[in-house]
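Both complexes below contain subunit A, partnered by subunit B and then by subunit C.
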Partner chain A sequence: MMGVLFYVAAVITVVAAIMAMTRSNAAHGLIFLIVTLLGIAVLFFLLGAPFAAALEIVVYAGAIMVLFVFVIMMLNLGEQARAREQSLLAFRYWLLPSMMAGVLLVELLLVFNRGLHPMAVETVTPKAVALSLFGPYILGVELASMLLLAGLVGAYHLGRDFLTKDRGRSQ
Partner chain B sequence: MDELKVVAFIVALVGGAVGAAAVMTWFERRMLGIWQDRLGPNRIGPFGIVLVAADMLKLLGKHDWIPPFADRPVFVLAPTAIVIAMMLGFAVVPFAPDLVVIDMNVGLLFFLAMTSLAVYSVLLGGLASNNKYALLGGLRSAAQMVSYEVFMGLSLMGVVMLAGSFSLPTIVEAQSQLWFAITQPLGLFVFIIAGLAESHRLPFDLPEAEHELTAGFHTEYGGMKFAMFMLGEYLGLMLISCMITTLFLGGWLGPVLPPIVWFFLKTFVVILFFILLRAAIPRPRYDQLMSLGWKVMLPITLINLMLTGAIALWQSGGMP
Partner chain C sequence: MTAAMAVPMEHALVVAGLLFCVGLFGLMLRRNIIFMLMALELMLNGAALAFIAAGARWGNADGQVMFLFILTIAAAEVSVGLGLVLQMRRQIRSLDMNDASRLRG
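Right, the complex of A and B next:
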């Protein structure tokens, strides 16, 4: 049963990912990308990582992709952008990346054949995630938070209205 | 519960939620009428309740028109997203000790995930309509919902800290001595406001704001597609009310009456409160909404989180 669910979700994820790449309409591509992320969330859930699955939806599908759609709406892309996207899908552009991705895929399959059991389900509870994040991986958490803080300060600096003449009057 | 019972419960839940949403359209107008000192819809049937059927008939009978300039597939997809996401959100709501579709150990996160997916409905609806008003409505909703989602999640972390779990039945059990509404007043306050903003109901209905944007993101929608947006909005309101009951008002806990009656009673009071807010509070300006969110709500939430963490640590004896 788990196997069937896994493969259905995996096929949907891969097909949606391919569709996301090949759409020339940016909005359609984004919708397929969102479906891909939802599919990955289902895969995480089936592999016994419900916390990662929930975060995948909350953070990626729920927040980051919303901002992507937001940008698409602001830019209001027209026929011109679609033509440019179409030209980027020419054979010579996707040949090399897909060859490299193919090599990676073969490597991944070889790794999996070494007797790893990805379907061996042991549910990882939120508590276990928290304990390992704030235990052995505390350095990684701290580094990530430093990086995010730097991003925050940078975004604040760039967003400041120091370029306009009558600054401070914006409110 | 065995499989068959779960399926029966799901069917009952879907039917019940959709039916309740339909009745609520009438109930809300009626209550607004009372609070605003007028009659409200009272003509058809006892207290005007047959109006629900009349409304449904009208919406079903309308010509289902898709504007020629719209992005057809996305235009059709958009209204379904909010209904599906909100219905899925009900899966983790514990109505009574054993009456829950699935008791996940990430139940609360699942609820947050589903409410965050509901944004797409408004966003894609605005984008696919290919219309200036709809686009502006969609843009506003994206900014509003992404901002308010941040502290909607953060305001609940105090509850999670006190209960020690993301699982909703466990959170209800943890309130057997004292409701979290009393120990987490700031969390409740922020969650109510963020919940209103997430379900874009009247004080915070800037995405549709009919005075400035005609009807915002659903300007181009009519008939059943429009009804889907409305259904999603009412489902969202009910889901938020259920979550407030579960997280802050002790869920099914209460004396004498059976648990499920307590749950619905509390949820009903919360819904009434939301309708009263709609009758009482005017819509803020867009920049007021955003600065309220980031300059008032976020600091309140962070202070609440810090205090709760400190107290929880002190009570567990972890602090010297």
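Right, the complex of A and C next:
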């Protein structure tokens, strides 16, 4: 039963990812990306990581995707941009990227081709994760907080419109 | 969830590799910066799935700790990246990376 659920969720995840990368409308691609993230959350849950599954939905499919939706709404991409994206999805643009990604995928599959190891799926509890996070990994947590602070300051700086004014003055 | 699962670790890693390759393919194919950021998210998720699968294989919490760090990096990257998208729209009136290939616009 668990195995069937895993494979169904895996197929939905990968198909939605391919759909997300080949849409010409950014909003449609975003919807498929959200389906991908929800599928990954199901995979996490089946792999015995319920805490990671909840965070995947709350932070990824919730917060980060809302940022994308806000930006797409603010930019209001028109029909012209959609037509341009459509023209960039012709087969001759597909060929080289799909070949390169395909070669990488074949290499990965060859690495995995050494025999199968069964997973004993024990649920790793949030308590174990927290003990590990605030024990041996405490330095990483501090560095992550510094990274988030840098991201906050950077996003605030980039979001201001003084760069545009400065450019207007220099011309 | 103590019952032995019928899924070997390699199949979870194959799914992670597929997600990463789809993200890489999208990153090379698309020129719209929003789609390129979405492709980066897919690649990060593929890496996260590999970590979670490895953590499940050995019943270890370290995989989920690494997933938390990936989540943090993705959040910081997306906030700065979308700020850059807004500036790009203001300065060169386009979201196409080919229009932004020169320094100083």
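Keep this in mind: the second predicted complex is superposed on the first by the 146 of 171 C-alpha atoms of A that agree within 3 Å, B and C clash if a C-alpha of one lies under 4 Å from a C-alpha of the other, contacts with A are read in each partner's own complex, and residues count from 1 in each chain.
One rule holds for everything that comes next: a residue touches a chain if its C-beta (ideal position, glycine included) is under 8 Å from a C-beta of that chain, and two chains touch if they have at least 3 such contacts.
Everything numeric here is computed off the predicted structure, so don't read it as measured data.
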Clash or fit: subunit B against subunit C, after overlaying the two structures on subunit A?
fit
Of the two partner chains, subunit B (first) and subunit C (second), which one does A:E85 touch, if any: first, second, both, or neither?
second
Please determine whether it is subunit B or subunit C that touches the greater number of subunit A residues.
C
In the superposed arrangement, which partner chain does A:M73 touch: subunit B (first), subunit C (second), both, or neither?
first
Which of the two partners, first being subunit B and second being subunit C, lies in contact with A:G62: first, second, both, or neither?
first
Per the contact definition in the header, classify A:I40: touching subunit B only (first), subunit C only (second), both, or neither.
second
Which of subunit B and subunit C A:V8 touches, first, second, both or neither:
neither
With the two complexes superposed on chain A, say which partner A:I138 touches: subunit B (first), subunit C (second), both, or neither.
neither
Regarding the shared-chain residue A:A54, is it in contact with subunit B (first), subunit C (second), both, or neither?
first
Look at A:G29 in the shared chain and tell me whether it touches subunit B only, subunit C only, both, or neither; answer first, second, both or neither.
second
With both complexes placed on chain A, how many Å separate the closest C-alpha atoms of subunit B and subunit C?
11
On subunit A, the residue positions that both subunit B and subunit C contact, one per complex
51, 55, 63, 67, 72, 74, 123
Any idea which subunit C residues touch subunit A in the complex?
1-15, 17-19, 21-26, 28-32, 34-35, 37-39, 41-42, 45, 48-49, 52-53, 55-57, 59-65, 67-69, 71-80, 82-87, 89-91, 95-96, 105
In the complex with subunit B, residue positions of subunit A that touch it:
25, 27-28, 31, 34, 50-51, 53-55, 57-58, 61-63, 66-67, 69-70, 72-74, 76, 123, 125-126, 171
Which residues of subunit A touch subunit C once you look at their complex with the stated criterion?
2-3, 6-7, 10, 13-14, 17-18, 20-22, 26, 29-30, 33, 36-37, 40, 43-44, 46-49, 51-52, 55-56, 59-60, 63-64, 67-68, 71-72, 74-75, 77, 81, 84-85, 88-89, 93-94, 96-98, 100-102, 104-105, 108-109, 112, 116-124, 128-129, 131-133, 137, 140, 144, 147-148, 150-152, 154-155, 157-159, 161, 163-164, 167
Which part of subunit B faces subunit A closely enough to touch in the complex?
71, 73-74, 77, 104-106, 109-110, 112-113, 116-117, 119-120, 123-124, 126-128, 135, 138-139, 142-143, 145-146, 149, 153, 166, 287, 291
